[in-house]
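These notes open a run of structures that come right after.
What follows is subunit A paired twice: with subunit B in the first complex and subunit C in the second.
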Partner chain A sequence: MRYLYHSSGNLPKHEFSVDMNCEGCAEAVSRVLNKLGGVQFNIDLPNKKVYIESEHSTDTLLTTLNKTGKTVCYIGPK
Partner chain B sequence: MRYLYHSSGNLPKHEFSVDMNCEGCAEAVSRVLNKLGGVQFNIDLPNKKVYIESEHSTDTLLTTLNKTGKTVCYIGPK
Partner chain C sequence: TQETVININGMTCNSCVQSIEGVISKKPGVKSIHVSLANSTGTVEYDPLLTSPETLREAIEDMGFDAVLPD
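And then the complex of A and B:
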């Protein structure tokens, strides 16, 4: 499974810290983001980071990531 | 020194995690927030949390907290 999506280069980029421990965690994150739609993302499992490019607001992205039940926090624009 | 400010009860509330280790760290956070202005905040040093009520955007608050040089992340609305 690939988590790296090509960037269009013109969407706001955000860095999130998500407490992921395994491939299943990463897949769960991938699933909620794909369900939301309108996102391009890159999951760095070893560093527990999720980079998202999207027009969605920080709050929308945070609420979406929180659906996984994992500890999430927003680091800032990337 | 007191870090608890009374809430007006009608401003958006935000929870941040800030890597503070001592009173000096908490004072540094207090200083940058007071310099920004337009904020009411409560610093929970043992739990390394900063609760802010403000009309400022999440990004403005994050940028301000990052001025301390400490590791900061936005947990979400409170």
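And then the complex of A and C:
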């Protein structure tokens, strides 16, 4: 999957685990994050991880990921 | 009780089906939902006083899928 090399450096980075099983699940996650906006993210499908760089609070990010109906856990800052 | 069939694109596996059924069945006014991966549809029984096909369609969109009401 796509990896972000152009990290802006100063945005907080968060690691989440999201129960995704295939590309389609990852696509649904991408869509909810793109709808929120103001996020740069990288999805690691094999490890079921989502890395997000954003100004949004952890709560906002968690609420957004929860919209997918998938099991989501906040791992911590990265 | 009324029934609506919503076309859902972007579902690729059974966990998508379970996610949608899990989230939508908890929405106000929803009596039952059956999602078919093979047909790309969600069949919802709902109380028209509490919800509408458009509200349900938006709720599915919010989950990261493409949802379209039949004409």
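Criterion: the second predicted complex is superposed on the first by the 72 of 78 C-alpha atoms of A that agree within 3 Å, B and C clash if a C-alpha of one lies under 4 Å from a C-alpha of the other, contacts with A are read in each partner's own complex, and residues count from 1 in each chain.
Everything that follows uses one rule, which is that contacts are C-beta pairs under 8 Å (C-beta built on N, C-alpha and C of every residue); 3 or more make two chains touch, one makes a residue touch a chain.
Fair warning: this is a prediction, and the values are worked out from it, not measured in the lab.
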{"item": "Partner chain(s) touched by A:45 [first = subunit B, second = subunit C, both, neither]", "value": "neither"}
{"item": "Touched partner set for A:77, first subunit B, second subunit C, both or neither", "value": "first"}
{"item": "Partner chain(s) touched by A:11 [first = subunit B, second = subunit C, both, neither]", "value": "neither"}
{"item": "Larger contact residue set on subunit A - subunit B or subunit C", "value": "C"}
{"item": "Which of subunit B and subunit C A:31 touches, first, second, both or neither", "value": "second"}
{"item": "Touched partner set for A:68, first subunit B, second subunit C, both or neither", "value": "second"}
{"item": "First (subunit B), second (subunit C), both or neither touched by A:22", "value": "second"}
{"item": "Partner chain in contact with A:58 - subunit B first, subunit C second, else both or neither", "value": "first"}
{"item": "Doubly contacted subunit A residues - partners subunit C and subunit B", "value": "none"}
{"item": "Parts of subunit B lying in touch with subunit A, wherever the complex brings them together", "value": "17, 58-59, 62-63, 66, 72-77"}
{"item": "Subunit C partner contacts - residues on subunit A that touch it in the complex", "value": "19-25, 27-32, 35, 67-70"}
{"item": "Complex interface listing, subunit C residues touching subunit A", "value": "10-16, 18-20, 22-23, 62-65"}
